[in-house]
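Both complexes below contain subunit A, partnered by subunit B and then by subunit C.
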Partner chain A sequence: MDLRELVAAMFLFALIVMPLESLQAQSVRPPANAVNQGIDKQIDEQIGTSNTLGTNSQSDYWRDLRHGKDGLATSGQSGRKLIQAQGEQWRIVRKTYIVKYGGWVLATAIFLIVLFYLIRGKIRLKAGRSGETISRFSLPHRTAHWFMASIFILLSISGLILLLGRTVLMPVIGKNAHSIVASAAMQGHNLFGPLFIVALIWLTFMFIRGNFFQMADLKWILKGGGLLGPHASAGHYNFGEKGWFWLVVIAGSIMAITGMILEFPWLAESLQLLQISVIVHAIGAIALISAALGHIYIGTLGMEGALDSMTTGDVDVVWAKEHHDLWYEEVTGQKVANPEAEGSQSIPDHNQISAQSQTTET
Partner chain B sequence: MSLLQIFEGPLFYIAVTVFMIGATWRILGIIAIGRKTDISPPKASANVGFIAGNLRHFLPRKVFAKRTWVHIVAGYSFHLGLFVLVIFAAPHITFFHDRIWDIRWPALPRWGLIIAAQFAFAGLIMLWVRRFSDPVMRLISDWDDHIGSWLTFLVMLTGCLALQESHDALKATHMLFVDIWLIYFPFSRLMHAMTFFLSRGYTGATYGRKGMNL
Partner chain C sequence: MARMKFLCDAERCIECNSCVTACKNEHEIPWGINRRRVVTLSDGKPGERSISVACMHCSDAPCMAVCPVDCFYQTANGVVLHDKDLCIGCGYCFFACPFGAPQYPQAGNFGSRGKMDKCTFCAGGPEDDHSAEEFKKYGRNRIAEGKLPICAEMCSTKALLAGDGNIVSNIYRERVVGRGFGSGAWGWGRAYIGEGRT
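And now, the complex of A and B:
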C-alpha cells in the first residue's frame, strides 16, 4: 500500500468513527498524542494499515498531509498538500476574533452614539436659522455622495449578514431562513461590490479638493472640535470630515482590492492571499461601518442644519459661520468676529454668496 | 399551491392582463384626444417632424450637455441595462418560453448579465438621487415618481438576489414584485415607457410642420 492509499484509508476511517459534531469542532492540527501507541493500535485493529512497514510514525503522516509529499495527487493551488494548516488558523481568527469582536465594535459604536446624543443632545444653531443660505455642495457633489451612500448601505447590510448572520441571525430566524437570507446577501454583495469601486473613484475626485490637512485642523483637534468647549474654526471641511474622507478613500481602496480578490478568486496566486483578504476585508468593513454610523448621526440627528448641505446643497448662513467660519470668510470675504453669536449680524446678499461659492467648488 | 406557484401563475396572468388592458386604454386615450387642426399651410412634413422629433431626443442638446451629462449617462445606463436584463437573462427567456410564447433566443452569459445589472442599478440610483437632490426635479417630483423608482429598484434587486436560483422563496419574492410592478405600471408615470414616442412625436410633428429646425 503506498502513501496515497494509506491517506485515503485514514480519511475514511475518520469519517466512519467520528460523529459530525466532533469533526467540525476538532482542530485539523496533529493531536498531541499523534505518535500514541494506543491510536496506532486502534488503527491497526480497525484497518490494519498503520505502520505496516515499521518506518512511519503518525506524526510523519500528519507532517506529510500538512507540508506536502511527493506522490500525493491533489489539484488546485494547494500543491501536494492535503491539509493547509493556515486554514485552521484563519478559521479560528475569523470565528473567534473577527466575528466576535467585530460585532462588539459595532455595538460599541452604536452605544457611544446613543450615549453622546443623551449627554450632548442635538447640536443646535446658537443664533437660530437666519433663513438666508449659502451654497455648499453642487449637484455633481451631492449625486456622487448619495450614489456612494446607496451602494455603501446595500453592501453594509449584505456584508454584515454574511459576516455575522450565522451568529446573530440564525439563532433568531432559523437555519432555513438564514440560508435564504445568506444566499441573497451573497448575490447582492457580489453584484454591488464593483459598483463601490466606481462610486469610490467618483467620490474621491469630487471631494479631494479641500480635504488635505492644514494647520487649522490641529487647532480644531486641540479644541476637541468645539464639541466640548470653545469654538473651533474650520475651513470647507473640518478635521473630522477630512478624517472620514481619507478613511473612506484608504480603507475603501483596501476593501475594493480585497473584495475583487474574493469575488474573482483566480486573481489570487495563493490560498493564503484569499484568507488574508477575508480577514482584512472584514476588519475594514467593521471600521468603515462604525465610522459611517457616526457620520450618518452627525449629518442627520446630531447637528441642526447639516443635512441641508447634502439635500438642497445650501446651508444656512448661521450654520456656515458657527461650524465652518474660515470657509464662510473665504467665500464671502467677510470676517466672522464671533462665530457663536453671528445670527444677529447683517447678512450679505445671497446671490452673491452662491455665485462665489459655486466658483470655488466647481 | 405554493406562493411561488401563485405569484408566477394566476397572479402573474392577472397582472399581465391589467398591464395590457390598462396600457392599451391609456395609449388609445391619448391618441383619441387628437390635436387641434392646424389650418396654416405646412412648410414641411409633419410626419418627418414626428420621426425627427423622436430621434433628436436621443441625443443631448449641445448647449445643455455640460449641465445634463450625469443624468443622460445615468438614463442610458439604466434603460439599456434594464432592457438587456429583461430580454436576455437566461431565466427570463425560459420563463417567457414556459409561460407566454413558444420562442427561445440566445441568452447572455452570466458575466454579461451581471454587468448589465450593474449598469442598470448604477443608472437607476443616480436618477433617483437626482430626483431628490436637484431643486427643479425635487419640485416636479411626487409620490408616483418615487414609488415607480422604488418598485423598479425592488424588482431588479429581488431578481438579482435570486440569481443563485437555490431558493424558491427568493424567486417568489421577485415574482411578487414583478406582479405589483405590472399592475402599477398603467396607472403611473412608468407609462412613459410606452408614451414617450407619442409626446416626442407630437412636439416634433408640430414644429416640423412649421418648418422649425429640430
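And now, the complex of A and C:
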C-alpha cells in the first residue's frame, strides 16, 4: 500500500467507521433479559459486537483481534496483544519505501555530485593563490567540526550497513561475513550514538553565530548560489552552509531522540513508538547522508582552497574574496573589486544590506 | 510434503499455561524467555476466551522479510527457523511479527538484546539434528525424532493442535460440526494468508 493511501485510509477510517460504530451502539438489540442490560452493554463495549457470547464465537470478535485488540497475558515479553497489526505496515514501509527508495535517493545524490563534477569541474581560484591568508575557523571550531565529522561518518557507515547491507553488501561478501560486519556495525552504532548528541550540542553552540538568515541570502538563492553561473555574494556563511547547519541541527536532534528510543527500548511506551522511530531515524539518516555527501564534495574535491578553512583554519585571501566577499569586507574593511561585470552594480546594495542586518543582529 | 501449522481452539483452551511450561521445560529455555504465551480475552467476563500463541510459522513471514542479516529460513514443511550464529539481536523481527513471537535475552548492562529466540515448532535449527549445539541454541528437535511439538502433544484439553495443516483443519472442522459452534480458526487469516483453503 502507498504511504499516502495509508494516511488517506486512516482519515477515511476516522470519518466513516467511527460514526458507524456509534450508530451500531445505538441500534443494539434490547436484551431478552432486561436485568442483564448493563452487563451486555459492558460486553458490547469490550468486544465490539452486539450479540456474541454464550457458546458462540462471533466473526467480529476474531476480526477485532486481528486488528490488535488487547487481552490479558500472564507470561511472555510480548504482552497482551494477540496480533499487532501495524507490524505488517512497518514491514512494507521499511522494505519498500525506506530500503528501496532510500537506497535510490543516496545513489541519486552520488550521481548528481559526479554529474556536477563532470559539468562544472573543480571550482578553482580565478586569481590563483596569493599566499596571504586570513583566519576563518579557530581551533575550537575545527575541533567541534571534526569531532562531529568523525562520529557522523562512523554512524553513517554502520547505519547504512544495517539499512542496506542485506541488499548491497550480503550478496558480495556472503551471509556469514555480512552478519559479523552487521553485528559490529550495530554495536558500534549503539556505542557511538550517544556521542553524537555531545557532538551535536557542541557543534550547535560553536557554529550558531552567523548562521541566521540574512537578506544577502535571498540574493544568493536567487542566483542559485553561483553553482553554475556567476558568483553570488555571501557573508561568513553562504545560504548553502546555513541550510546545512540547520539541517544538521534539526534533523540531528530528531536522530538523537529517535536514536535514544531505539537504543533504550524500555524508554518507549509502545512497540508502535519503536516502529515509528526506526522509520523516522532512517529517513533522517538518508537526508543527512545525502546532504553530507554534497558538503564533503564541495569542501574537498569540489573547490580549491575550501579545505584550508578546516585544516589550518586560515584561508587564502583570494578564496575569501571569491567565495565570501561580504565576510572579507567585514573582516578586513577593504572592498572587493568584483570581477563580474554583471554583479558589480549590486555590490553597494549588498554592503548596505549586510551592514543593516549586522546592526540589527548585534 | 506436509505444511506444518498451529491451531488453538479458543472454545477448549482453559488458560492452564501448560503449553508454556512444557515448552520451557522441553527446550530448557533460559529464565525470562517464553516462546509461547497464553492471552485471555474478556477476562472474568461472559464470553471469556483464552488463546495460546507462539510463532505461527507464517507463509509470507514478516520476520524473514525485515531481517537485516537474512538469518531466517523456511523448511520444506513451512516451519520458519532462524540461525542464531547470524542473528545480531537488532529486534526488527519483533517490530514486524504480528504475533509477538521473537523473544530476546538481555545481553548487556544497558538492556541490549541478545540473539533472538523463538518457537521452532520443535524443529531445532540449522545445526545437525540432535547435536548438543543444536539443543543448546534451539532446544530439542522433536520433528527429527518423528514427534510433534510438545505444547500441542501435552495440551490437556487438546485445544492446541499442531501438525500437518490439512489434518489439523480436518480435526477442527469435525469439532465445529460436532459441537455446532466456535469456528474462529484464530490467526490463520494472518499467518497462512494466500495459501488457499486446506
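Simple rule for what comes next: the second predicted complex is superposed on the first by the 262 of 362 C-alpha atoms of A that agree within 3 Å, B and C clash if a C-alpha of one lies under 4 Å from a C-alpha of the other, contacts with A are read in each partner's own complex, and residues count from 1 in each chain.
The definition used in the following text is that a residue touches a chain if its C-beta (ideal position, glycine included) is under 8 Å from a C-beta of that chain, and two chains touch if they have at least 3 such contacts.
Everything numeric here is computed off the predicted structure, so don't read it as measured data.
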First (subunit B), second (subunit C), both or neither touched by A:Lys223: neither
Which superposed partner A:His231 touches (first subunit B, second subunit C, both, neither): neither
First, second, both or neither for A:Lys126, with subunit B first and subunit C second: neither
Subunit A: partner with more touched residues, subunit B or subunit C: C
Partner chain in contact with A:Pro194 - subunit B first, subunit C second, else both or neither: first
Touched partner set for A:Thr143, first subunit B, second subunit C, both or neither: first
First (subunit B), second (subunit C), both or neither touched by A:Met186: both
Doubly contacted subunit A residues - partners subunit C and subunit B: 179, 183, 186, 190
Residues of subunit C touching subunit A in the complex: 10-11, 15, 17, 20, 32-34, 36-43, 45-47, 49, 51, 53, 62, 65-71, 85-92, 94-101, 103-104, 110-113, 181-184, 186-187, 189-190
Touch list for subunit A against partner subunit C, complex: 39, 42-43, 46-47, 52-57, 59, 61-62, 65-66, 69, 71-85, 87-88, 90-91, 94-95, 162-163, 165-166, 170, 175-176, 178-179, 182-183, 186, 190, 263-266, 271, 274-275, 278
Sites on subunit A touched by subunit B in the complex: 139-140, 142-143, 146-147, 150-151, 179-180, 183-188, 190-192, 194-195, 198, 310-313
Contacting residues of subunit B [partner subunit A, same complex]: 70, 114, 117-118, 121-122, 125-126, 129-130, 132-135, 157, 160-164, 166-167, 169-170
